[in-house]
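Two complexes come next, and they have one chain in common, chain A, joined by chain B in the first and chain C in the second.
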Partner chain A sequence: MNDYVSPVGQGIPRLETRDKITGRAVYADDMSRPDMLVGVIVPSPHAHARITGYDVSAALALDGVAAVVTGVDIGDHKIGPFVKDETALAVGKVRYMGEPVAAVAAVDLETARQAARLIDISYEELPAVFDTDAATAADAPALHEGFADYIKVFEADSDRNAMAIIEIVEGDVDAAWERCAAIVEGSYETQAQCHTYMEPCSALAEIDSNGKITIWSSNQSVFHVQSFVADSLGLPMSKLRCVTPQVGGAFGGKMEQTVQPAAAALARATGRPVKVTLSREQDFEMIRSRHPGKVWMKTGAAADGTLLAREVRIVLDAGAYADDSPGVAGIAALFCRGPYRIENVSIESRPVYTNKLRSGAFRGFGGPQVAIAGETQIDEIADRLGMDPIDLRLKNVVLPGEEWMIGVALNKAGLSECLERVRAACGWDAKRKAVSNGSGRKRGIGLACIPHISGVLTSGAIVRILEDGTAVLNTGAVDNGQGSDTVLVQICAAALGLEVDQVSVATPDTDGSPYNWGTTASRVTYMAGRAVVAAAEDAVAQLKQRAAVMMECAEEDLELRDGGRIGIKGVPEAEIGFRDISGFSHWVAGGPVIGTNSLAYDGPDFDPKRGYLKGFPFGKIGAWIFAAQAVEVEVDEATGRIVPLKVWSAHDIGKAINPTAVEGQIQGGIVQGLGYALCEEMVWDSGRLANPSLMDYKIPGIMDVPPEIDTMLVEDPDEHGPFGAKGVGEPPIVGIAPAISNAVAHATGTRLRRLPMTPERVLRALRG
Partner chain B sequence: MEFHGPSTVDEAVSLLAADEDARCLAGGATLVAMMNADLVMPSALVSLRHIAALGGIAADAGGGLRIGAMTTHREVADAAGLDGAHALISETARAIGHPAIRNMGTIGGSIGHGDPQADYPAALVALDASVELRGPDGARAVPAQDFFVDYLETALQPGELITAVTLPPSPAGGFGAYEKFARVEGDYATVSVAAAVAMEAGRCRYVRVALGSCGPIPVRAEDAEARLAGTALADEDVAAAAAVLRDACDPVDDVRGSGEYRMMLVEPLLGRALRAAAAKGGAR
Partner chain C sequence: MSEAIPISLTVNGRTHRLFVQPWHTLLQVLREQISLTGSKRGCNQGVCGACSVMIDGAVMRGCLTLAADAAGREIVTVEGLAVGGALSPVQQALLDHGAVQCGFCMPGMAVAATALLADNPSPSDAEIRDGLSGNLCRCSGYVKVVEAVRSASAGGAS
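Let's look at the complex of A and B:
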């Protein structure tokens, strides 16, 4: 077996690719159960109103309708990952247009939709606020009168509709400004972006005669589904089994509750299986978006380019419910310094309630809102000082062994190499010197750096050796389409010395899988991957223990050999295959080999002596990852259109377990970043979402993407990561907008501070 | 809701005439989406799919062109032998939506919806096209310019359906160009310009221009065309014609752009359309 090649580092096709391409992959909405009903959710028609009464009699009288449930039926069971402030169906009040108020189950979709129209709910409208300025005004209505009594998982000050005030202070910015030779200051505005996953939210719930409910749904964590459905319906978690079929994208939008509580409530009310799948329009109006942000930032540097101070005020529009807002606001605060050594910082970040769709987790998680400010200010500083923007960055970037703000140690930091790789690949020095001609289409190139983290919280893995010596891996980690099942199998196979097709991967199932917090925070490869390596090592130790009995030698004398064998060190011919060991374990002695591991992120913590930190809602936050991205653009001065010509993207990833999948992640993030930079924007007309469809809300299509995206993988193995790997899911989206803004400034001299950079905004800016 | 699949135009007309809440189903690209959004709830659908007489593209002896109402965008986009200004209709079809929409959507369905953001209306006006209609009282032809009456409103009367679009012979030496500006590929136009031009010795001998997405119906201004006639389509000629056209525009503010921005686009897009059309003549 000398020809064994470790699966780690191989760009193999993803395991589910064939099923997806041929249409065989099963998503939640593809599923059907005997006697199944179809559920439809009734949305609030008001942005802010008190519910004064329900009349569901006409709906119930309709032939084919099985049940209607409202907030009265499910009860006032509050949920929320940071602040328990919402119920699965509105209780007492509605706080945004589109909020679920009731749900109906009927024999088919047409009947259910007809019944939904017959549900008569009376409201008393209340004054509403649609932006953060209005929501923080002295006379603004309080969205959550009971906020003080809500359960919260972190400690922070709050101020009226500002649900949290997060502060990070180090050094003394006021004293530092005097030492600055260049200071730039500006206000930046970013928009709500829709996750626009291909698969709208869907859940199928079925109840058995013991009252146990099984839920198949599109999600980012079966364990999270189990937890919030239990909380929202007041059920013990043992009465819920949560499973995941294929997921058609999530990007943060399916981490918290979607339609699972409503489906479960309807199954409980009817005793029959109920499937709820949102239309695209309802998905837009009902679920969540990226936070719109308003950022004021000031940055100063010494004459030699040393960055000395940065002051930041961040206000995020959280919408009607907290959801992940305190977390997003905290991460925005943590990342807004940028990946630079700046000794004096003063940062404040506030998520604010408004009467709009809740904002939540979205790839980048607070990073994109502050990157447009931070990374364009770096270019403005470079411009003032007459320095090249990459030279200025290289002078200031954080280096391995240094600390982030508030004292988190950086074990590895490959940003300098990312910058050098991008600089060389894109022909930066020549292109920056080129002067645009006056033909009406001007070219420019710009760059941005991205800091992010990969890790957080807890994961586990179980590796069982089957009777024939092959293995089954169970992590409970949901593959959202990014390829984690494939990567985790590659890690497991490599750790066992097996081939990929000798390792099966179990479907996430709360009844049988080990806990995994979620497919989020760029963490599955890093955290679940670590658990997989450790569980595989545990399995190998057990295999050695059995083999020692079989071979009558000491365990310490045994070694794992490629191809699924255990042998005696120094004696090549003395070895036994996994099949024989596993047969012995199953039928003779020792028992089946079941390797397990569970872990919590255990990296460096904050240092309270180093700076002032208040209201930050996370503990240990994961391994640091970095990236540098450059975009070359052409700006049409007659129409204002920005055409991205090529993107270069270098990522500090530790080690690529599957280089093809990594490149796919990077390319996908870049395209989503192009949408964020150039065209995607959810627009509200007072409380009504004006563009809740793919006809009016536009994501980039294949023709809008540059023909070439040059991805570069910087591999400096992380000491704890599985085979040295770190995550890559989020950074690729973050740098695109600031890189484009910098490129437009290079091409035209005009600085854009509002996203998306639509042709109209560009043209108006060009015309001053 | 009832579903009918007649095989003749007369049968379809009588079904439509008998039920004012019935709707024709052509490609369904727009109608089905509107039904899904509860924006229209027809009592019956009259599918035109099985009416052979509504398909096909045919040239007449005089050089005119007849495009059956059920001709898909893809068929128009791929049609061979559309010469001179007629090629504008293929160029326009290629700019509609994306492949899935072009495979399903039809020219009759598109113009029957009367959406000024759609691509065909401006092109048909620039080409001096006519729309053939059939109703309980027989057949009639309406010039494209008069067919579009208001936002989502056409000259179609109850019980009538569109049977074809006809184009007059291409003007001698004429070429067309469709300049579409959209947020992303496949979106409705923020502004579009359809131009048909014939150049002679560097001067514009014939010109027709229509704008899409600039008002409730395609915008045409004969004064603008008169201003361009006889010129070399220099910047100042385009600017002057654009100013005349802008006076005829009444664009809305929506997610694709403000009305003001649409007005800002008229001049550059008009210049590009005219020059692209003129260049095709030069390149021949």
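Let's look at the complex of A and C:
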């Protein structure tokens, strides 16, 4: 009797769904602790100013106020994932409007807010720069006078407010232009997009009598929280325990510090638990956004459509602090060539400081800013050469077994299949031939391709077999709602031959979980998943060792059997269940079974003989993933409104561990992509964010979504991925804007080079 | 500070005798005074819908309703949808269709969908979208939410 079905490949509901739809799921702001205080952060009213004095006496005199902390109290402890250039509360200077300057803890929110208004900080205003042109002008004020002395985790040249200059050069573009039959060139501009996770940032910190602080917070990595809070307050990491309740979305916006340092500083100052939860307005103004980008690009192809050369200059508006900017600029530089064999490239990418909100990680991580340029230029080349845009792409996309960027060998690549699947599903060939006549509403269809990674940095896993033979999995990976807890349990259960409900998943906790770099870079299924498979295999090896003693046989003669049993090969009736083995190991001999694994991404390196890479801020990256997306639109020539009618999205994912979760991730990414393409834009009036509310910053609602989104999963198992799986988190957002721009060009003959493609911009473009 | 107002608040069939400040919102009182933290504060200005509750059967914003104004009325929150531990049809459908990701919008979405189907047991897809147009979700893209509500409706697939 064996009716075991492997959990891998099953579209089971996320494990915590029942809690989430009954209101029982606990998010950070749902928590409270005995004697808890409420903390409020005081933002900078200036975009660039020197702090000349503090008077906190009136705030402290207010009944119910427990403590005020400022940059003076926490000290000049700098943090930052790439450049240590900011403090958790401003020290000496403020560099954007909304920057945390002080924090106050009081008995309730009303009192804390009243106290915040009574904190009197004096400033001396400084000249400020609000875009990258002004920030790179010869007479621009330097935002960070001490930049040269900051600690950096990578080496790159810098130039005044340009914090890094990243270069990638392969072949010889100048020589290649002469061989091109078609060359296109253009400048593109993209906007700041707000993550707009539904749950505003929140943290609760509590200190014990030994000075150890526990922090529950909304985040993407408890280990990042531990690291930046330790750095920002000058504490040893062993004095911090960081835990994660449910997270209400993140999308990159909660990867680095939010309100955890302020909550911890207030807990330390008061000796009491303190919870800090941002208002939506403060979340908009204080945390981070996607980088606004300015991209100049030139692409050339031979008469037969072979792409020969691409030259790119990328300038990203990093805002006041570096945050993940060097990383984003590096990934933009890497992927601006698209998923194509192009032998001659010359790329330069610069993140530039300005006196605005810091820009940081956001789903796509540099990809969206360059995809609008790169993927629309491919269509323009196709147009010049009289080729179909999909045919042109198929001629140039990287294929399995080929080397691509900077000499990296590609074992698997399912992009051609993605393109063919989309082409067939959307009725491409017929729709591209249809020509919109007359004026009024015109239809068009466009497409874009996306490359990304899912392998980077480090992860670990611990699989413990409990006394009754069930298991608990601990990876330290934070589930932001995308479903990684469920997927990792499916992987673990499958590797152990158990059912999903026989594997429990531990809450990420820096005191007990193995290190996981973060829920970011589309990496958890691939990286943590690999660690889970290896840790489960380690547990199985230990189970076999104990079983060999019990069954008096050699370990090599034993095999893992579905349903949680170890048996002797070739002897079906000779087997013992995990429960008996685990009882033996706990109480007789061998010791509890604890399978472990830790790994760092170990794919092939770039080949320095094949290209020149300077200032690139990552070590090994890879586990490449690909996607192709098509959008059909209707353009109203009278109003300029673009209506997306249907989206097709095919993804090279290796293997879907949970097809329902993968579909959901793709659908959600597409809708964020529609927002980026059509309506979302953070707008600054000098230094002040003009639209810090969900009323004025428009994310897609249910009425803005096309009735049909067709997701296609291309499953060609990756040789290293867990059960063949790779990542999928980021690509779905990246291709939507260029696919829509291409569709609008198909419908109207007009090319849009600026995001978002709002009705007024469309109208302006249509009227020339 | 003004005098706290004594009110009697009936939530999910249970009556609570409370003192509230005149400016306290229903959302604040649910979350902070009677520990019903299912209703979420996503924007506190009536846009996101994560705080949606039913008051006398109509969907209302918990963040835009004063607690004192809700006194004496029948309030249903997400915690009141599952009766006796059994998920309601809407909740079961959201679960079965994998419509839930981070879940922060879901308490409001589930309340709005429940009210929609109570009012219109067999809505068209357009009516489903219209009924949920006051609830923002940033994870799902809404596709599986519509599928779930359609299947929970009287005309839904079995």
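Convention: the second predicted complex is superposed on the first by the 766 of 768 C-alpha atoms of A that agree within 3 Å, B and C clash if a C-alpha of one lies under 4 Å from a C-alpha of the other, contacts with A are read in each partner's own complex, and residues count from 1 in each chain.
Everything that follows uses one rule, which is that a residue touches a chain if its C-beta (ideal position, glycine included) is under 8 Å from a C-beta of that chain, and two chains touch if they have at least 3 such contacts.
Note that the structure is predicted; figures quoted are calculated from it, not measured.
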- Query: If you stack the two complexes on chain A, which partner ends up touching A:Gly364: first (chain B), second (chain C), both, or neither?
  - Reply: neither
- Message: By the touch definition at the top of the document, which applies to A:Asn480: first (chain B), second (chain C), both, or neither?
- Response: second
- Task: Once the structures are superposed on A, label A:Ser279 by its partner contacts, choosing first (chain B), second (chain C), both or neither.
- Result: both
- Query: Where does A:Gly252 make contact in the superposed view: on chain B (first), on chain C (second), on both, or on neither?
  - Reply: neither
- For A:Asn691, select first, second, both or neither according to whether it touches chain B, chain C, the two together, or no partner. first
- Item | When both partners are placed on the shared chain, which of chain B and chain C touches more of chain A | C
- Task: Check whether A:Arg24 is in contact with chain B, with chain C, with both or with neither, and answer first, second, both or neither.
- Result: second
- Query: For A:Gly701, is the partner it touches chain B (first), chain C (second), both, or none of the two (neither)?
  - Reply: both
- Have a look at where A:Val683 lands relative to chain B and chain C in the superposition and call it first, second, both or neither. first
- Classify the contacts of A:Gln667 with the two partner chains as first (chain B alone), second (chain C alone), both, or neither. second
- Doubly contacted residues of chain A, that is, touched by chain B and again by chain C: 279, 693, 695, 699, 701-703
- Contact residues on chain C for chain A in the complex? 31, 36-45, 47-48, 50, 77-79, 81-82, 87, 91, 94-107, 110, 125, 129-130, 132-133, 135-146
- What does chain A use to touch chain C in their complex? 11, 13-14, 16-27, 29-30, 196-200, 246-249, 251, 277, 279-280, 480-483, 660-661, 663-665, 667-672, 693-695, 699, 701-703, 705, 707, 709
- Note on the structure: The chain A residues in contact with chain B across the complex are 113, 279, 281, 638-639, 641, 679, 681, 683, 690-691, 693, 695-704, 758-760, 763-764
- The residues of chain B that touch chain A in their complex are 33, 36-38, 98, 181, 183-188, 190, 255, 257-258, 261, 264-265, 268-269
